[in-house]
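Presented below are the structures under discussion, each in the form of structure tokens.
Both complexes below contain chain A, partnered by chain B and then by chain C.
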Partner chain A sequence: MWRDAVLVAAKDLRIEARAKVALNQVVPYALVVLLLFGFAFDQDRPLLVQAAPGLFWLAVLFSGLLAAQRSFSIEASDAAIDGLRLSGLEPAGIFLGKAVAVGAQLVALEVLLTGGIVVLFHTELTGAGLLVASALLSTAGVAAAGVAYGALSMGLRVRETLLPLLLAPVLAPVVLAATEAWRAALRLSTGDGWRWLGLLGCFAAIYLAGGVLSFGALMEGT
Partner chain B sequence: MVLSVRLRSAVALAGRYPLLAGADLDVRTGEIVVLRGANGAGKTSALRVMAGLLPLAAGQASVLGLDPMADARALRRRVGLLGHRNGLYDDLSAEENVYFAVRAARLPKQAVPSALERLGLREGLRTLPTGRLSAGQRRRVALAVLLARRPELWLLDEPYAGLDAEHRELLDKLLREVTEAGATVVLATHEDRTAEVLAGRVVIMAAGSVVDGLLPDEATGLPSRAADVAQPGACRASLEAPFVA
Partner chain C sequence: MKYTEVTSSTRASSSALASSYTRATRVLGWAALAALALNTWWGLWLSPPDVVQGQFVRMLYVHPAVATMCYAGFGICALGSAAWLWPRLRSPRWDRLAVAGAEVGAVFCAATLFTGSIWGRASWGVWWTWDARLTLTAVLFALSLGYLALRRAVDNPESRAMVSSIVAMLMALTVVVDHYATSWWVTLHQNTTLFKVGPTVHGWQLATMLVSFVAFGLVFAWMVVHRYRLEVLEEQYEAVGLQSALEARRSEVQGLTGARSPAEVPVR
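This part shows the complex of A and B:
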């Protein structure tokens, strides 16, 4: 399974490196979303600082939807999904490989967006350990759910519009917990960020386990 | 005689629409079978059933001695399918596409250059993204993927599409070689020349059934349905079976 995951992740990341869809479309989109949030709250700088973690994770959520959609559009474009089903690869390995590839792109995006909230929202970065740990667990949750639901919607003609509708409610708890963990790390709230981190860990574990167990059946439905 | 494929009263549906309507088919190991028939006759569906990609709603299927649905994963490793589309990643080169397929099948990467060479994909073409290749070149890359995977059963849907005369001959030769080496080939094509050139057995399909070209009963040792299939009512009876059940 792990060998298959490495093979699929390397393939997907190589395709992204060539196509540069993440670099040319997803990153600018996420930065524009942050900028628009900035315009919306421009008159209220303290509120903008308070809201920065939530806006950051909303931008990550929107970008995660695009990345998940992209992960399966490369399989659909020339019926490559049939080749994947005939390849002999473990479905769990395919799932993990795709999740790792989506997650790696999201981590790179989060680094850029962190710079964005520092510059645009004047956020002071504190609590680096909690920031990084919660970002990694949130990314794992977003990537795992994105890939599982991407496979689920792949065989449908209306997948481009259906995927956000299916995925956004599933990821709402992740966005909420990640926002609270970041608010605690950035000292914008007095809550215990490490408890939110535990919750993020639970979500990531559930989505990863669910994907590993169900991905074979989801692929058969495509 | 060993059979690689045996379909009996095979019914496959898309919703309530019958893709296969009680098809019977036997393919001997090492044989080349050419599926012929009008558009919508069920050729592509038959190939997808044999690959374990399309489930049967009724009837029986045995491919390489396995049940295509119950043993789908074990079967798929041993089958190669070239569909209407090539199944390639546009942003990967020919070499990378074949490499991925070979590694996924747990085969040594030494199979990659020889397969590309065999399909006439020389140095310059191998490193270009396949999205920038012509239709015929992309078809050859897809065939190189199949060749490198060394399947026991080759399922080809219009494999000559986009190929020029030189590469059609090359494909003919390749198919003869793989069958001589023990593989079995089932291909669907509208081309008249194919069966004669490949010395293959022609099987005619219409309305989701095989209407001509079945093996004689004494050859398969299995109960004949050829006479039934020729009767218009037989298709209807086969179609009704899953709904009645």
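This part shows the complex of A and C:
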């Protein structure tokens, strides 16, 4: 399973390195979303500083939706998924590989977006340990859920509209917990940020385990 | 062969349903209507206004019962999905039960948000507040809409049952995480008042509230039974529809080729 996961992750990242869709489309999109949040808050600097963690995670959520969709649109073209099914790779390995590839792209995006909120929203970075730990756990959750739901909506006629409807409410607890953890790390709230990590860890564990167990059925199902 | 003839032959050949109601569901429906009427009468006329909440206490005779039925609906969906996924129990019945629970649960969830919003405006002064239980119910509503949209998007019944059961299970687990997330976040909502030792609701209020639970429970049961049977009818319709299209094509070809028997005509 692990070997298959490495193969699939390397394949997806290689496709990404060649096609540069995340770099040329998803990253600019996420930065534009940050700019639009600035317009929505009318340059209100204190408000932007307060809202920065939430806006950051919303931008990650929107980009995560695109990354999940992209992860399976590369399989849908030329019926590549049939090749993947017939390759003899374990479905659990395919799931983990795809999740790692989506997660790696999201981590790179988060680094860029962090720069974005520092520049645009005047965020001062503090509590690096909590920031990084919560970001990694959240990314694992978003990637695992994104790949699981991306797989099941792949074969459907209405996948472009169905995936956001399915995934956005599912990722609601991640956005909530990650925002609270970041607010605590950036000293915007007095709450204990570390306890949100448990919740993010549970979410990631549920979707990683759920994906490993059900990915074969999800791929065959649609 | 015409559609009606096909229907009657299918009906004769299997235990097909003729409609979504039976004598028992009619009795259930009338009982639900009678209980709702009793609930309205007791809730609006017999039960006195509350010392603290005044007339707004009458929402107590709608909102908690409706919210409970919403959770019951989603509970049935989760149970039906779990049973379908269990290989020994696998049967289309569980899938039908899951969709019936989810759809009726979604209706009651919308009603919960609607009545809760009215009550919130009356007692907290706002239509909506970022309280844990409210937020969770709103997310639950969005999840149920996603689940129902997914069901409509998959055509093959077997695939639909498999995919929607897995999604229902994943969503049920998400709800548990969501519960903690929202309750850690903030809470304003009233705690349980009825199902605990020494309830804080008494007399007419308690009696009317219990009647509301019976009334909405009966409405819920009636809706779930009908939705379940509607699913059976839909499956029948799909089977009959295919059969009828085949028959129509055969007779069309037969008309063109003269007196050849249907067995000789290739079906394309």
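In the analysis below, the second predicted complex is superposed on the first by the 221 of 222 C-alpha atoms of A that agree within 3 Å, B and C clash if a C-alpha of one lies under 4 Å from a C-alpha of the other, contacts with A are read in each partner's own complex, and residues count from 1 in each chain.
Everything that follows uses one rule, which is that a residue touches a chain if its C-beta (ideal position, glycine included) is under 8 Å from a C-beta of that chain, and two chains touch if they have at least 3 such contacts.
Every value quoted in this text rests on a predicted model; they were computed, and no experiment measured them.
Trainee: By the touch definition at the top of the document, which applies to A:107: first (chain B), second (chain C), both, or neither?
Mentor: It touches nothing on chain B or chain C.
Trainee: Which partner, chain B or chain C, touches the larger number of chain A residues?
Mentor: Answer, by number of touched residues of chain A: C.
Trainee: With the two structures laid over each other on chain A, which partner does A:58 touch: chain B (first), chain C (second), both, or neither?
Mentor: neither
Trainee: Return first, second, both or neither, reflecting whether A:7 touches chain B, chain C, both chains, or no partner chain.
Mentor: A:7: touches chain B, not chain C.
Trainee: Taking the superposition as given, does A:87 touch the first partner, chain B, the second, chain C, both, or neither?
Mentor: First partner only, chain B.
Trainee: Go through the superposed model and pick first if A:170 touches only chain B, second if only chain C, both, or neither.
Mentor: So A:170 only meets chain C here.
Trainee: Under the stated touch criterion, which partner chain does A:218 make contact with: chain B (first), chain C (second), both, or neither?
Mentor: A:218: touches chain C, not chain B.
Trainee: For A:202, decide between first (touching chain B), second (touching chain C), both and neither.
Mentor: The second partner, chain C, only.
Trainee: Taking the contacts chain A makes with chain B in one complex and with chain C in the other, which residues are shared?
Mentor: Shared contact residues on chain A: none.
Trainee: Can you list the chain C residues touching chain A in their complex?
Mentor: Answer in residue numbers: 139, 142-143, 145-146, 149-150, 153-154, 159, 162-163, 166-167, 169-171, 173-174, 177-178, 180-182, 184-185.
Trainee: What residues of chain A sit close enough to touch chain C in their complex?
Mentor: So the residues of chain A in touch with chain C come to 145, 148-149, 152-153, 156-158, 162, 165-166, 168-170, 172-173, 176-177, 180, 195-196, 199, 202-203, 206-207, 210, 214, 217-218, 220-222.
Trainee: Write out the stretch or stretches of chain A touching chain B in their complex.
Mentor: Residue list for chain A touching chain B: 4, 7, 11, 14-15, 18-19, 74, 77-80, 82-89.
Trainee: Which part of chain B faces chain A closely enough to touch in the complex?
Mentor: Per the stated touch rule, the residues are 51, 53, 73, 76-77, 79-81, 83-92, 96, 100-101, 103-106, 129, 145.
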